[in-house]
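A, B, C and D label the chains in the order they appear, each numbered from 1.
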Amino acid sequence: MNSYGKAFRITTFGESHGAGIGVIIDGCPAGLTIDTDFIQQELNRRKPGQSRITTQRREKDEFQILSGVFEGKTQGTPIAMVIMNEDQRSHDYSHIAEQFRPSHADYTYQAKYGTRDYRGGGRSSARETAARVAAGAVAKLLLAQLGVKIEAYVSKVGKLALEKHYSELNIALAEENAVRCPDPETAQKMFDLIDATRKNGDSIGGIVTCVIKGTPVGWGEPVFDKLHAELGKAMLGINAVKGFEYGSGFEGASWYGSQHNDAFYTDEQGNVHTRTNYSGGIQGGISNGEDIYFNVAFKPVATIMQDQESIDLHGNVVTVTGKGRHDPCVVPRAVPIVESMAALVLADFYLRNRSARV
Amino acid sequence: MNSYGKAFRITTFGESHGAGIGVIIDGCPAGLTIDTDFIQQELNRRKPGQSRITTQRREKDEFQILSGVFEGKTQGTPIAMVIMNEDQRSHDYSHIAEQFRPSHADYTYQAKYGTRDYRGGGRSSARETAARVAAGAVAKLLLAQLGVKIEAYVSKVGKLALEKHYSELNIALAEENAVRCPDPETAQKMFDLIDATRKNGDSIGGIVTCVIKGTPVGWGEPVFDKLHAELGKAMLGINAVKGFEYGSGFEGASWYGSQHNDAFYTDEQGNVHTRTNYSGGIQGGISNGEDIYFNVAFKPVATIMQDQESIDLHGNVVTVTGKGRHDPCVVPRAVPIVESMAALVLADFYLRNRSARV
Amino acid sequence: MNSYGKAFRITTFGESHGAGIGVIIDGCPAGLTIDTDFIQQELNRRKPGQSRITTQRREKDEFQILSGVFEGKTQGTPIAMVIMNEDQRSHDYSHIAEQFRPSHADYTYQAKYGTRDYRGGGRSSARETAARVAAGAVAKLLLAQLGVKIEAYVSKVGKLALEKHYSELNIALAEENAVRCPDPETAQKMFDLIDATRKNGDSIGGIVTCVIKGTPVGWGEPVFDKLHAELGKAMLGINAVKGFEYGSGFEGASWYGSQHNDAFYTDEQGNVHTRTNYSGGIQGGISNGEDIYFNVAFKPVATIMQDQESIDLHGNVVTVTGKGRHDPCVVPRAVPIVESMAALVLADFYLRNRSARV
Amino acid sequence: MNSYGKAFRITTFGESHGAGIGVIIDGCPAGLTIDTDFIQQELNRRKPGQSRITTQRREKDEFQILSGVFEGKTQGTPIAMVIMNEDQRSHDYSHIAEQFRPSHADYTYQAKYGTRDYRGGGRSSARETAARVAAGAVAKLLLAQLGVKIEAYVSKVGKLALEKHYSELNIALAEENAVRCPDPETAQKMFDLIDATRKNGDSIGGIVTCVIKGTPVGWGEPVFDKLHAELGKAMLGINAVKGFEYGSGFEGASWYGSQHNDAFYTDEQGNVHTRTNYSGGIQGGISNGEDIYFNVAFKPVATIMQDQESIDLHGNVVTVTGKGRHDPCVVPRAVPIVESMAALVLADFYLRNRSARV
């Protein structure tokens, strides 16, 4: 199904080249002030055409609220937001109507549904994530009232890694360059690498790191719906994601318990903290008040400007030739998507946690 | 909530030292033959006390089916399975009733619920996973009818990694040693490392790799409920898991698209395959018929036999001293849990896929 | 939440005087041919201004499909349908911004949410049901392929009852008069009663009867999700509904078992039937292949053109004076809504039943 | 599926003659004191063998809590309760293994699942409702803290109706007779009618009325999940129920709006009330603070001690002869079941309403 969340639930709709895309937010509490400029600004962070290292498809990505907001405030009723598609150029894609592009969703959709909207990837296009960003912006507005702040940035492109811990960075600087890496020097190297890749008609993968500050203690649930399990599902649901790790992550699997355990202490204000934070702000699936941080691995985008071997609908061998507009590297535009999905996870647990006690 | 799955849905219950633990499976189709010996055998793979490198807690983990099976077959009605706790030894834990053990769930449960069953970790104990293994065994029986086979093994303990690709291994050999590593030589080294760690009163992390063969094309859903997103959530919901990656995983994030894309071809029988499988058997969130494989990172267990700094319920500084029985390394016993959760994910998508077409 | 259904799930949005209303259908199988003329025709059956006994609000209720349909067929992806509001006339309602209209939802919305869109009832307006009818039309198209036919009609207005059993009627005749009663003579009397009520500035209640033919055996689920329980919930979720009964209904509560039991027999084609059908086509919550029939009771609409005692937001006594446009009797326009909700219930169970057996 | 509720969710399991029946309550807030005597007392109100007008099957219906309660309080974790079956007498039912009893669920279960547990009706037996009563008792304990009181009683048996409005009755008197009718004189007549019916080997239907006092304003949700829609679904999910009406109900469908509307006023304490309460305490699907009241119609139980025409699994004509133990009239034992389901609905909305506002 096309919904995410239980208490703060979104349902998205729309294909890359259909009439429009959008989202319904169901369960947003009444009385939240909606800052439409902020929502548009978030959409702008994701939209195509921001620099020469992103796809040149042109979409204003202007959204319209159809319901749920009255006199600037949420009403407790469903908030529907729509973005009509403008620059559809369906003719760009007609040549692949019967071809299965390598490492795309063409074949699996066709096999599952017996049909598919082949225009620009249809439902499997990352265009759908604009709807998530619109919804995520509303979730961010809700979380901002609670002092929760979510910031993501690009920490790796190809083999080029930012070798600093998040605590050494001013993450806000990420928004000042096209790559969204908060270290200007590394950002420039990453930009050059992506640009060179683009010129080669190739694509390249990368990693986005996300840091969440100010999460109250108690969000998340035992057993299946652990906070990090939902974060993981939300991140793995983003197009092109291949891995998720939080806190000490894969590295932590090689440590001893005596190194890894985070000692508790009480600070001068009487607040509980841990001396280290290898737990990544989550223990037993529930937030402990420390920073939550995690990494999301993105594969190189499947669309490349090179000839590739493949088959068509009838099993015949074909050569897929790259056309259309694409991102040579998805991570710069993925930053607001990662933040949005994180915001949706947290907003959901915020509401669910209201039922924890009598 | 304590449920997993939409169409094939399980709900588990039980605390480490309560009267019993168990699971209800709701949505299992009618007419499936239930092999109770197989279920018990799966539980035995997870149960404590299998060797000197696992916890010495003694539980027979004998299960009883209370409903849903009649004359050896499922009836389409809920299948309830219960395991009564035997070796509870609550007195072992009384000394930690008011202490927060580092990197355990004590503090977050207390903060969230205002109360907690402190005996052996209560609901946060890995004892709960026995219920998942019982349910997973039923899911495996269902999948076996469809030719789907799930095998997991230990691929890393601490810094000691099995440096072979899964395709070079006879995974079945994993069951022949206490570590559950299919390479006998590496298994012995891992055993020694875990045993040494145990003698030091310490614990150590590790990685479990899982391989699924025979998944039909078409399982999984677009957008949020991608097959790998659900696998990720299911794995991250297992105690002590810090990371999940599938296919090329984190490594794939450093590649170029021209290296990473999996070319399609048609084999002599007319079946569609890919020449490489960096996609990990999943494209656009939907299975493509190739092997599905993924890695799950486990942190070192938090219980260690060493003195640790912490605080109590009242914020006072305390020294937590390790007592009780524990696993020095969780991955050998995690192997059947990983398989079980994978089986539950697949069984759910198997049923959900029945609604894909008119 | 604003969703109905598990496998065939709809989510509606929109307020009476907002920018637009609409619905997302999630879970509709791929490959269904969408007849947009039929959907519009269904919307026309519900739309205002059909005769002088319905509200004079003018809405064309033209819908637009934004997603999920490609080349005339469903794709297995969410189908979004939107109806933009045209004749909003918000000024008609400004005088009641702070008043609580008797037997409306004004007071309870205000108390629950601390805010409300007072224009034309906001979210509580029956205008929202247009979205249900659009979705119900898609469900009908799906069911039509399976030979399931749903027909409703007005069987009572005020104390004026149609004293014939559904089997004695040609239900199709209901569409030939403004009241939607299949007996022309009774229809005329009902029309006159409603028209007289309208002239008195009053409103009047009524009953809609619905008959479903051709439901395959096996739809519905034991225990909580019985077929009639879902039908009941779906009907009681329609504005102004006060009661639901199926089969023998409330009358059956006064009978003996020896009168009420439906004897089974096998017909000449070997099909199982019952000699009587007091069960209403449902036994143990599951369809048995006989006709499903039920009654839905609607109270008189709360908006009347008379002065009424009430209070305002601040607890002050006020006189509510009827203005705006309203239906003197809701049942004629409720007929397609009842059918639509029934179609949505059946479409959901049709898909859910696909998981009943191995 | 076998679950009810979203925030306060129960899942029941068990067949009439299986090893045991039970329920998991998921989502019960932590910190609720569990009075096990009260739960047992509620089970006793439902259990068989209370008088000569109920079935003579003997079950102590003693329940055991397996999880979720520690030191007398809920922990926010799943509460599992089990009742082991004792008096199973499977041999009583062997003669109907291949027969379809008229107006039972035998045929539909067989057709849906291709198999069925024929012993005592299997999953379709009203024995399953014991699990609902156990869960409902916990919900009642939660609601009692909020001042919500739920009382049901028998208002009709066959054609014998209690002709008094609930406000004229001392409902507590219902518990003082075997019929559970609060008017002693009518109760005696009802008892005699049921007893005569029993002697004739027949069964008879009836109506249960339920009154809920003290519901805070604001429970229930717009559109599909209206408070009365969920109450209706919950009641229609009880075995043998054929109809549900609340407030003015079916009678209200024959009124004018000028008669039916409930005028608002403010009492001396400044509380909002309505002068009449034809709305049944619910407006727009949301509680308005007035009494909630509704009627539930039960058909005569299908098991009668008379020969009946039917068919078997192979379509052959058979004569079903009544054996086993049964209730000649279900309504006296249905009273606690109606209350329990109402409590579950309210507990769910109580928690859901916590998310209504920022």
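Keep this in mind: a residue touches a chain if its C-beta (ideal position, glycine included) is under 8 Å from a C-beta of that chain, and two chains touch if they have at least 3 such contacts.
Bear in mind that the values here come from a model prediction, so they are computed numbers and not experimental data.
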*If you tally the C-beta contacts for B-D and for B-C, which one comes out higher?*
B-D
*Computing the C-alpha centre of each chain, which chain sits at the greatest distance from chain B?*
C
*Separation of mean Cα positions, chain D and chain C [Å, integer]*: 26
*chain B and chain D: spacing of chain centres that average the CA atoms, whole Å*: 39
*asked:* So the centre of each chain is just the mean of its C-alpha atoms; given that, what is the distance between chain B and chain C in Å?
replied: 46
_Quick check on chain D: which residues sit in contact with 2+ other chains?_
1-3, 6, 12, 27, 30-31, 76-77, 112-114, 123, 222, 356-357
*What kind of graph do the touching chains make: line, ring, star, complete, other?*
complete
*asked:* For a test of understanding, state which residues of chain B touch chain D in their complex under the given definition.
replied: 1-3, 9, 11-15, 18-22, 24, 26-27, 30-31, 64-68, 70, 73, 75-80, 82, 112-117, 122-123
*Residues of chain D touching chain C in their complex?*
1-4, 6, 12, 100, 102-105, 107-109, 111-114, 123-124, 128, 156, 158-159, 197, 202-207, 217-218, 220-226, 228-230, 232-237, 242-250, 252-266, 270, 272, 274-275, 278-280, 283-288, 295, 297-304, 306, 308-311, 315, 317, 353, 356-357
*Enumerate the contact residues on chain D facing chain A in the complex.*
6-7, 27, 29-32, 74, 76-77, 142, 145, 222, 351, 354-358
